[in-house]
């Protein structure tokens, strides 16, 4: 079975540099897949991406060595399993607020006896190879988003859930939940503190910590702090800001 | 932030005239958007419309001043939030039968502290403008469908849910639930009575009442009764009936 | 091989009542296919329909007995043959202005020795049946649009082209070419005269005459005049006018 | 209303031979629909098929007499109802593990008073005919997948659920749940025994038993055992194995 | 009829700043449309964009004031007319090498008597307004690409073609045709000289000159030289370079 | 630049075993790409594949080492260049009947000075690598279909066209053109003779000969005869025949 390079990086205590895909298009995904990311996450939650859009995006990513991940819209077993069957090597699930949420996520990502994932790895077999069934449980990543006050209150319960591979902080939602303006580059002390609390808890429980960042500088800082899956912005932001800068430069 | 003209009409105690889209196509949506409707609702429940079909339909509607709404397939937070992120200015949710249902709908439509909506208004930012986060909670409409006997039994609880902007009667399902043949133009006294009960309850609680109508005449009547969001038929019915009439006229 | 009911009607000197599809969607095509048309023409020229959109539209039409036709964007052999391979039972080709144009159209619609159509009836085999190759040349219709002054000047040459099954008048383009405002209901005497000239020439040469009409009344008139393929408006016009009328009725 | 030929076969105690569609494409579905299957199931769970892909597949199947079914991704009312509105004549639902699961499935498949299905049979009306509402409850099939140890423990409760038309065994998941390697052709005695237990229970409760098979030989055996809905492999397996055999034959 | 703002800018002797779309996606087009471009060109030649992809892109652009243009794959009347019917306000046509090429391009862009464009402005009516037919000939832009040695040899003939609104230099192809490595920022004296020759000829004949540029700096230089339609890079380059820079910054 | 493995095989005087794709779907293309073919040809002529369908198919093929080719619908420069820009490593062009046809095909496949291909290798750069421009002319294959009596009459002229890499016999069309029933397994002596004549001419002129075969046995025979690009059937035939055999086996 094809290895999951994120796991390899994590075993070496290195951070995976992750790109983010919100444009529902195979070609833009393929362009992104050639820019040097360790992994790319197809965002089915806040991206404009539906399941059928995601399939050619996965194929586009699979033309390279970049590891394909997906963020699902919600903790719903149907879409988690569909994305895994389509060849994703990890699921980032939003709004994991309780131990029960974390258990349900993991159950959807693992075949019995570790979980309740239904068997039928349609495209995963092509991507990963014929021995997918044997190694899937140890290869595929289950990553829980920690992004609410409620999750902070249940940190230990979530982090200690057997089978949880990683957590992923959504700074915008976390800030919003704590009463602040949502931003990917939080400076509010209480948000920073919450991020550090989550990071410490993840490390304590041997769970790999991840976070979404608004800039390369922010991502560097987060890696230094100890995060091991860092995302820089997204395809939509890259496109918008590069185009805007070109136009603005010309207009001035 | 771009205003929600339905709210403006409601503040003036005027009815919004709503069109209904069941054809999964951006071009037919754009044609409809040029016919003078105050709003258009993309029907992801009974229309043949999936999420990915809805995105170009929203873009087509956004070429005009028509307000874009969506009816979601079911009370499921993932699709509610996806449609809002895609730029819908209101969600009509089927089968709201209890106070808890209503609360869950509203939670999915509102950012904290009023709700649990996750932050990431991908296309909504383009449609509404950069200050979306500040005004979204007061702009986006949460509309609960009242269409079962169970909902009638729980009317007060549903109508008094904080944050509920409107209700929307599905006469077909309401009739069916009461034991009659489903129709958009009910004449059965018990169905009429139920509609009047819902209307009275909505007014009592300051919730804007809406209803689906089978004809212009029916819509006029409903506006006179006090409904403030009235839908006339749908794109599929307009197409079918106009074509059928042309063929029948020629054949006779 | 499945019969071409338009040919059957023509043998009985009856007119085929044709619907017109400009919305690129299988569902709207299927709705149209249930309204009683003898045939439906997918408009790849002025409709918003590309080849890939046309395939599910053909499948939708094939759920009924309605005969599927296509108007191609231009006299280009590639798209003519692709539409036939996809199961169309006739091609309406715009802007046939000379005998050579007509010959090229027919060559693209017929297998050797009558023409140069390449063999590979992918979906046509499923739609028509396994003996497609044997009967295709006598089943599939080649219909030339007569819609310019140049075509009027070359009428005899065009009409006498061996293998030409029908002609189809585009009143808008014909009027425009003669110097008048384009309309589907021409009243300008010189346009009427041109239409009658084409009709007479078609009858003289045993070619079935067709025409696009702006209303049922116009279509009736054209049938009485002798036209044998009459189209009434289109899906886009039906949708727009029915919706507009509903809104206007309500607003007044 | 168009009859459901699976019910007709079942009344005659005959088995329906079912094909399986995992390729998200209308053309491959139409090819399959011409090969003699009694029914075809669009697999929205393990197939690479999203809702929007399924619509043209249903249209393609409807060009023939083959009965269209769908396997939904999960027990979620929204997608069950959407597939029925799109014209499916039966729903196969995965992971029905308890009596409550079975009740929820049936509620989603039936209009009141038997269930809670919402009214709006958009395309079903075209496919089935105008009297759909009157006969839908007795025509549409609700089929529960029995594929876990938990379901085996709750067999009587599930099988006796009023309105359950059929059950469908997923041998891979059933084997996996019992601790064995997943396979469509189980030989493990405990899996065989479980299959026979399910079959006996289905017959006892008058529920039609179905099963997915890995080969024609296996399907024959299952029919002899008493199964009345047997699936042979899938479009993806047929394509892969026929192509592989051609290449391998040439290489040797 | 909605004005063509490029013509307005040109009348003021101002340059239109043009963006370029090669990603076949409505959402990326809408993002681009919000970055301040005067116009956006959908590239059906070298972009990965087919006709059906272009329709939602046009709708996305039409949500803003940005003027929609298209570069067609080749001088073929079918696609030129289809893009105009879909609402493009100008056509950039590659490889116009002779006076006859230029005449054919213009004929495809203009209704009689100036040209041979067929009448049926499906979506253009919605975008431009009901009086489209009256003003289309003076609104829509016909722009010829000058990008070969052959075109240089025929400059006067091309530039003096009645109805030619603009020309557009493709520096890559022009360089290649002259024997040099293709680049959007040519420094080769013979390529520079050719560009200046084309510019001088355009001005002499009152044709608005345009050019594709590899950078904002290059675009500024071209505006100073006298170009009036300048494109900076493309969506694909913006996305690739911004993403690559983020990754590279992080890795170092 | 990524090598073209067909050229490598040809240099070793080995035959490339080619698969054929007529199903417009990325997933079926990916399944085919895993079955051991040296190359896969996307059939835009008789397949149900439009340009936009072909893009995800190319991405799917690019997840493997299989060489991607395309058969275009017709000798039209726009689509030839679009398919090359999308990353095809060779073009098979139907109906090359004269030396001029062959020259036009080659001109469309080659950058100046060998041809007139326009520069803009959008996806080809990602697939082949950044030095695409330098090596494309020697890497990309131009393959002319010989399938008419007219082509047989012009064999020497066609075969001796500078830059022609290969020819490809369409036995169905060739037979049809010679007056026989079209078949992929011709037994008619005059068709066999024509095939041998083409083969001999190809070898004489150093052009690699290819042919479409109806079976593995036929393909083996053709390789022995000297053909160096042999296609076995197609995805549609594999799917249909494997499914039909399964059903028939069960029914008997």
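Worth a mention:
As written, the chains take the letters A, B, C, D, E and F, and residue 1 is the first residue of each chain.
The criterion applied here is as follows: contacts are C-beta pairs under 8 Å (C-beta built on N, C-alpha and C of every residue); 3 or more make two chains touch, one makes a residue touch a chain.
The shown structure was predicted, so the numbers you read here are calculated from the model rather than taken from an experiment.
Shared contact partners of subunit A and subunit F, listed by label: D, E.
Centroid distances from subunit D, each centroid being the mean of CA atoms, peak for E. Remark: among chain pairs C-E and A-E, A-E carries the greater number of C-beta contacts. Checking A-E, B-E or A-F against D-F, more than half of the residue-numbered contact pairs recur only at A-E. As a whole-number value, the distance joining the C-alpha centres of subunit A and subunit D reads 34 Å.
Centroids built from CA atoms put subunit C at 39 Å from subunit B.
Subunit D and subunit E have Cα centroids lying 52 Å from one another.
Among the residues of subunit E, those touching two or more other chains are numbered 22, 24, 27, 31, 34, 48, 50-52, 55, 76, 79, 122-123, 236.
Interchain contacts give a graph that is no line, ring or star and is not complete, per the touch definition above. Two chains count as a pair here when they touch; such pairs are A-B, A-D, A-E, A-F, B-C, B-D, B-E, C-D, C-E, C-F, D-F, E-F.
If you check the complex, the residues on subunit C that touch subunit F are 50-52, 55, 76-79, 81-82, 85-86, 111-113, 116, 118-123, 133.
Subunit B makes touch with subunit D in their complex at residues 22, 24, 45-48, 50-53, 72-74, 76, 79, 94-95, 147-148, 170, 172-173, 176-177, 179, 181-182, 236. Of all residues in subunit E, only 17, 19, 22-25, 27-28, 31-32, 34-37, 48, 216, 219-220, 223, 230, 232-233, 235-236, 238-244, 246-251 touch subunit A in the complex they form. Only residues 26-27, 30-31, 34, 55-56, 59-60, 62-63, 122-123, 126-127 of subunit A touch subunit F when the two sit together in their complex.
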